[in-house]
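Same chain, two partners: chain A is paired with chain B first, then with chain C.
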Partner chain A sequence: MTVRGRRLAAIFILAALPGWAPQSALAPAGDEAERIALLSWILFVGATAILLIVIAALALAIHGAEPVRRVIGSEGAIRWGGIVFPSVVLTLLLGYGLWLMREAIAAQTTPALRIAVTGEQWWWRVDYQRDGAAPVREANEIRIPVGREIDFALRSNDVIHSFWVPSLGGKLDMIPGRTNTLRLKAERPGMYRGQCAEYCGGPHALMALEIVAVPEAEFQAWLAAADARNELAEPKVAAGEKLFLSAGCGACHAVRGTQAAGMVGPDLSRVGGRRFLAAATLRNTAENLAGFITDPQVAKPGALMPPFEIFTSEEMDALTAYLGSLR
Partner chain B sequence: MSAGAQMGPVTAAELPSSLPRPEGELERLEAVWKGPRGWRIVSEVNNTIIGYFYIAAAFLFFLLAGVLGLLIRLQLAAPGNDFLSQETYNQIFTMHGTVMMFLFAVPAVEAVGILLLPQMLGARDLPFPRLGAFAFWAYFVGGSVFFCTLFFGVAPSGGWFMYPPLTGARFSPGVGADWWLLGIGFIEISAIAGAIEIIVGVLRTRAPGMTLARMPIFAWTMLIFAGMIVFAFPAVILATILLELERAFDWPFFIAERGGDPLLWQHLFWFFGHPEVYIIFLPAAGMVSMIVPTMAGTPLVGYRLIVVALIAVGFFSFGLWVHHMFTTGIPARSLGFFSAASMAVAIPSGIQVFAWIATIAAGRLRLTVASLFVIGFLLIFTLGGLTGVMVAMVPFDRQAHDTYFVVAHLHYVLFGGMVFPLFAAIYYWTPAFSTRPLSERLGRWAFGLIFAGFNIAFLPMHLTGLIGMPRRVYTYPAGMGWDGLNLVSTIGAFILATGILVFLIDVISNMRLTGERGAGDIWRAGTLEWLPNHAYATRSIPRVRGREPLWQQPGLAGHVEAGAYYLPGTATGARETIVTSPIEAEPQYVMRLSRPGYAHLCAALFTAAFFLLLTVKAVMLAATCGVLAVASILVWMWNSDPPSAGDVDIGGGIVLPTYASGSISHSWWATIILLLVAAALYLSYLFGYLYLWTVGPEGWPRQTDLPSAVSAWVSLATLGASGALLAGARFVLGRDALRPGLVASLLIAGGAALAGALFIDVAGHWRSGLRPQSSGYTAMVYANAALQAQMAAAVLVTALFAVARLLAHRLDRNRRAVFDVLMLLWLYTLGQAAFGLLLTHGFPRLVAQT
Partner chain C sequence: MQPLAHARRTAAWLLAAPSRVFVAAVSALVLVLAGAVLFAWSGVYNVAASSGHFRIVDHFLRFGMENSVRARAPSTSLPPGIDESLVRLGAGHFHAGCAYCHGSPGTPISPVAARMLPPPPVLTERVGRWSDGELFWIVKHGLKYAGMPGFPSLHRDDEIWAVIAFLRRLPSLDRPGYRALALGEVEPEPQRGMGVATGQSEPDAIGACARCHGERQGPPSRLVPILHGQPAAMLENALRAYAKGERDSGVMQTATIGLPDSTVRHLAAYYASLPRPPASIETIDQAAAARGEAIARDGVPSHGVPSCLGCHGQSAAPDYPRLAGQPARYLEGQLAVWRKGLNDRSATGRIMAPIARRLSEAQSRDLAAYFASLAAPREAPR
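Coming up: the complex of A and B.
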């Protein structure tokens, strides 16, 4: 292998490492993504081989010996190279592709956990369906159990978005007026970053999400804890809640168990437990939270939340402490 | 030349025109074709001058959109960059795609066609010189204003694909989207005008003896290119009409909660958008098929296979549009079909690639700059084709779609498949039009930089996309593994730009365009565009006996230049060309061509002003310009269709008429093609109507809610009356005694009946309480009325024009091209209107729930 070849190989191996590229289709962590990654490697190798054949044919056509050029320069060469060879290769590929799709379709028939994800400008509304109880509302961070098939019911309330978590599988669009169902499964616990893949205006670039895959028991406990009322032990936290309600945050945001029941913006019932804010745009720290509340346009230009420059620094302290306590 | 079957030398007796030519003949020919000088050159209509303007304008837009591409690369060079604001970036990437596709790629290949085709086919000019000039000016003015919106921050920002609902009134309230819809819709009309010109030109103005089987591949590709425009562009024109109706009047075609569907736009857009890729690529492939045989010094290997491949691409490309929609949730079964079709289209491309390689092997390739660009094209396009097969695989596409992988793929296909051949073409054909060829030394530098820069910029993007970077993002966070790759891409983009700069230096220092003889056949090529060339094209029009006449007919250039072939002068004192039969290219009549003028120029300016003013909602001004545009067109048309000048001898004992009517005439052909455009537009509408029903049949009216059928029957009867009056007019016109007053009265009455029929239908719907704003269904009903009204308006204007010509004695039973055109237009309109009645009244009854 040449130096250049080795370097190329190194890049591809790097690409397969989730640490180097956390949103990579070449670092699969679910069976759907694994099938596609295998297909991708087959395609890369095949395409490289064909490209080399064409380059060789061209080089021989220009510089080759007379007998070789006579063969390449015939209509027969066109029929073999341009018709027979691609027909065979493409038929095989098509068969393989359809077989992969058939497998994906068959998988749809078995029951699965259903999570509704709705695209919004520019964040993700998440609803966990429960039997006999109100759905659990979340936003931007989707917790799923490892090893279980999940059906994501994808919708949109405004423009077209596309739900894409490369490590788990391919993307599927979220289209107003339709429900598209995407089945994914995480094989290993971990964080899998995803991002909106259909241009949805303004800060489309800042509409990301994280899937947190945890063991089944942990997931069940987390889901069951949704209805538990948060302890407001600390006075600062209690003051923060009062501020949250009096400043009108509840007009847009909901926190379960309080009067805040707004449906316009992301549900904040467990915002303190999330790793990121503003649709996986900002790390979830008190400082970032305060900055975002004061002026969302700084970190996320185009965000629909109005600026709240009304809070003193003590008030902001209390507010962020309260939001951070929501877990 | 080695493999070209040479024919024996032609004896003087075999030449159609005797030598020496009479004195003064050449001077008269020159005088007729002498073009206006100085600033008056804007009134010129000759294809060479318009071709220069056209190519220069297209290249200007290429440079401008290229600068936008560099701005994009600067912004993405580092994570979290704030070089461009979000809104500016969104406008820039939208404009980069839109300008490259609509203002550069399609016009550029159309321009090359307009410049080269007449010379290549042995015609003096294209059949509708003023239409070609009109198309150019409309495009240039419209395109320039459209581009300038960027400087005022009001450019569209919804992406070049303009998906609603993002581009609907609710999410894009500004005028940006309207600029796109009206500006691009208008430029598409100009592209269609050019396509009609090219089809009639290729099929009807070839040199005698140039049968279809001897036609240069470039002409084949331009013919298929223009045919594809005729069928593909109407789909996007309809889509833009519907979206503009939705934005301006709230007709909910694409609003899901009111019975519309956002996916309707995607179907219509990609039904245009995918053929568009081949519309751009085919002529470029045609250029390569001209350059390779010359540089290898041997005829193209596999000519027939290539023609079959080109036709196959033309057909296949209309069956692939859904592969842009693999991730929209369309059922797997349909995806399988479109996946197969998308792969199948790789085969014709494979045929062409191997045919070019075979031709290179059969001869000896001279490594000129043009050859280098062809080699670069072969490598880059092959890789783009291979990644194309990858994204045709549905599972792979579900990862790659809307990522930088696709950005890489489409640039390999479009830049590799179209821009590289275009550069090859510029280096190759410059000596035919410039007194000096371009520099082989600077050209090598340009090629090296462009080739290296292109690959450094776009090869890494395949990986950038697969490791998760979506398209159309104005920024990205650090730590995603994308930083280094993006920086490399940016560096590559600037190397590429340097190459373009070197090319520009070469053009500025060496290109000296002339309307007269250029540097000449320095490559020893075989096709007619390398004959000695003048403002009047060639001195005489040759008889063609093979695919490479200059190789197979020794002494041809000298004989042609001496005037020994057909039509060595002007036969009627006008600019002329020979119209030949479409397949065998046997001479049929001598067509007189229009001379420079200003009416078509005014028509273009006012049409552009009409659309642009409409965008900024200056309705009164726009209406004024619209009227002025129609008036200009009528002035322009008034002097067309000159009366017969008797029969003329073009040499070789061939005596041709100077007037033709009916299905032999060029105007009849152009009208038929125009009607195909109209039919494609209406078929797109029919698709939309039925599509909305399949998506939401519950929004369709119940049996009891349907309007009474009486108005439909009355409307249909009135259409019948209109047809009868037209038939009456035709009958009276054909009689011996000319009775212009009676014909005019019948036409006016018939036109009134047509308008009345449409009014009765719309009134019937309105009285039944149907309003276009209510639902997708009602909007579609009124959209039908709008499309019928559009055709009826064209009929009425043409009818009044015919009436005016009747009364001015410019229209009679012999000089009747205007009437023939009117009749075709009229009959089509009656048919479409009757079908519309059947659809909007019959279909809901067929499917209605009781």
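Coming up: the complex of A and C.
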């Protein structure tokens, strides 16, 4: 087996293991994901049992004793085993599935928090709704409080995307001109990886996100700190901010508290605190950041951002130091 | 009559079978080729330009050239009316690129160029024979075997049309009229012996930027940018990009090629230090300018277009040009060049290229109107 083949096999095996927590429907960490996992297991076990029964019937029909074969070949067996049994089983499964999913379809209670997530080619725009204040804008990494029900208002600005965080729940399409609401709840703190689950053009496979579930108090503190101005104690960081503003970065990217208010690209107000860059595709390191700024098309072919090859290495140092300091 | 009868018999024998015809044709071809090689190898043919052509050869070559040009030239022509900006830009390039071989009003063709074969024509007498499209084709592609070169950039038809607009004006020009168009505000010093002898004063001032870009005044053509007070770093990058051909312009490549690095730095610093020239009056479509302002301030986020002022405002990095107060026609022309997919080979060009391609022609026009309507600051930034 080639290296590539081995790697692919490893990915499939890992994805199937319940223990591979970051992105697996079989490692549920929320109510809806648990219901989906339960339904999946019922399907797997039931399908396996039925397959075994069919194989056994086939074997008996070929090699069994004459009376057994006569029973299997009778019209009654076909009526009961071929029509009544599947009809009843499938009807029960459908009813059970609908009953299980009733809360995902129409939730009665009011959510603790509403987060608008808008699909863009190829990243996620995130807005935390606040009472009596402007929403807090983020991108690609969504923080949520543990144990609270959260409504995700899913929209799209360009093409159809699909929002899927397998460990927390089912997937829901993001359709231009529509708002679909998905209610999720994380039972345990942790990182839950999600992915765009509807082909949305070129680097669709590089459109991922992370949901970070933290204790309620920590979440509230994080949200409240959104408007705090970042400290520019270090001269390098201050130089980086100056460069960020003068080189035109702010025409596409917003940083709260500065003149940078661009709406074209992801909000960078707290980019330094994210684990990943470029919609959860690159580790958030200074080198990766510098590489992405120099030529975004390498990491994300087709992205709107043009290459910025105009910075000296000192300037790039200052710029990445500044972006890293935004937390 | 015997030889004739013999030939007739041979011909009849050859034509009797297709294979014989084929062999005969191939043999004839080989003989002709061998003869040609022998002719070239022997050195009998005189390639001296000084010896001229036989009159019939000359007529034949001219006949072929004229028909080739007529067959290939586009049917487009200059828009009616007088476009002074176009004429001025064309005059500026003519002076640098064409006048040496073709002469100019008051300045005869250089004897060196006049001994070419065919000798370059005095254009005053010739341009009337060609249509606009034919002149355009000749200036763009040049003429094989005639020493007429093609245009330095095959992508900038707009610049070539400027040359054609000037060529239409040329026959009516006298020496002062020509020099006013081609040299603008540049007045080479009165010819003093020492200045000419030591090269301090150059009577034709071919390399003078101010011929087109102005110095005490602004550029005489609205197709030419105002360089006064632009950041030095941007000007340096632009000069280098033009010289390297990373930015497409036959006019500017001709003007910048071979400029030493120190000259580029001094030149950029000089224009950066110049105060803005008095603004010339330009009629601006106010509605277009208002639409342009909205794009310049907020961009068009749904189309991936950021705010222009992020990079082109007065406080932007010195790598980027300031657009306030630039002529609308120049800005529109440059945005059209971007939309054609050109200018994307320099570091700053690669930033602008994808953004400019997201702008429509109408949006570009509005933006040009907006930036032209802005009163540029009088003091030089940085």
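We take it that the second predicted complex is superposed on the first by the 299 of 327 C-alpha atoms of A that agree within 3 Å, B and C clash if a C-alpha of one lies under 4 Å from a C-alpha of the other, contacts with A are read in each partner's own complex, and residues count from 1 in each chain.
Convention: a contact is a pair of C-beta atoms (placed from the backbone, for glycine too) under 8 Å apart; a residue touches a chain by one contact, two chains touch by 3 or more.
Because the structure is predicted, anything quoted here is derived from the model rather than measured.
Student: Give one of first, second, both or neither to describe whether A:V264 is in contact with chain B, with chain C, with both, or with none.
Tutor: A:V264: touches chain C, not chain B.
Student: Which partner chains sit in contact with A:I36 here, chain B, chain C, both or neither? Use first/second/both/neither.
Tutor: A:I36 contacts chain B only, not chain C.
Student: Just chain B (first), just chain C (second), both, or neither: which does A:C252 touch?
Tutor: In the superposition, A:C252 contacts chain C only.
Student: Kindly classify A:F308 by the partners it touches after superposition: chain B alone (first), chain C alone (second), both, or neither?
Tutor: In the superposition, A:F308 touches chain C alone.
Student: Should A:A279 be classified as contacting the first partner (chain B), the second (chain C), both, or neither?
Tutor: Neither partner.
Student: For A:L100, is the partner it touches chain B (first), chain C (second), both, or none of the two (neither)?
Tutor: So A:L100 only meets chain B here.
Student: Which holds for A:C200: it touches chain B only (first), chain C only (second), both, or neither?
Tutor: first
Student: For the three-chain arrangement built by superposition, which of chain B and chain C touches the greater number of chain A residues?
Tutor: Between chain B and chain C, the winner on chain A residue contacts is B.
Student: Considering only the defined contacts, which chain A positions touch chain B in the complex?
Tutor: Touch residues, chain A against chain B: 11-12, 14-15, 20-27, 33, 35-36, 39-40, 43, 47, 50-51, 54-55, 57-58, 60-62, 64, 68-75, 77-79, 81-83, 85-87, 90, 93-94, 97-98, 100-102, 104-105, 121, 154, 158-160, 162, 164, 166, 169-173, 175-178, 180, 193, 195-206, 281, 301-302.
Student: What part of chain A is in contact with chain C in the complex they form?
Tutor: Listed in rising order, the residues of chain A that touch chain C are 157, 243, 245-252, 262-264, 304, 306-310.
Student: For a test of understanding, state which residues of chain B touch chain A in their complex under the given definition.
Tutor: 85-87, 90, 157-159, 163, 165-166, 171-172, 256-257, 261-263, 301-302, 305, 309, 327-329, 332, 335-336, 339-340, 343-344, 346-347, 350-355, 357-363, 365, 367, 375, 378-379, 382-383, 386-387, 389-390, 393-403, 463, 466-477, 479-482
Student: Given the complex with chain A, which residues does chain C contribute to the contact?
Tutor: Answer in residue numbers: 299, 301-302, 304-311, 315-317, 319-320, 347-348, 350-355.
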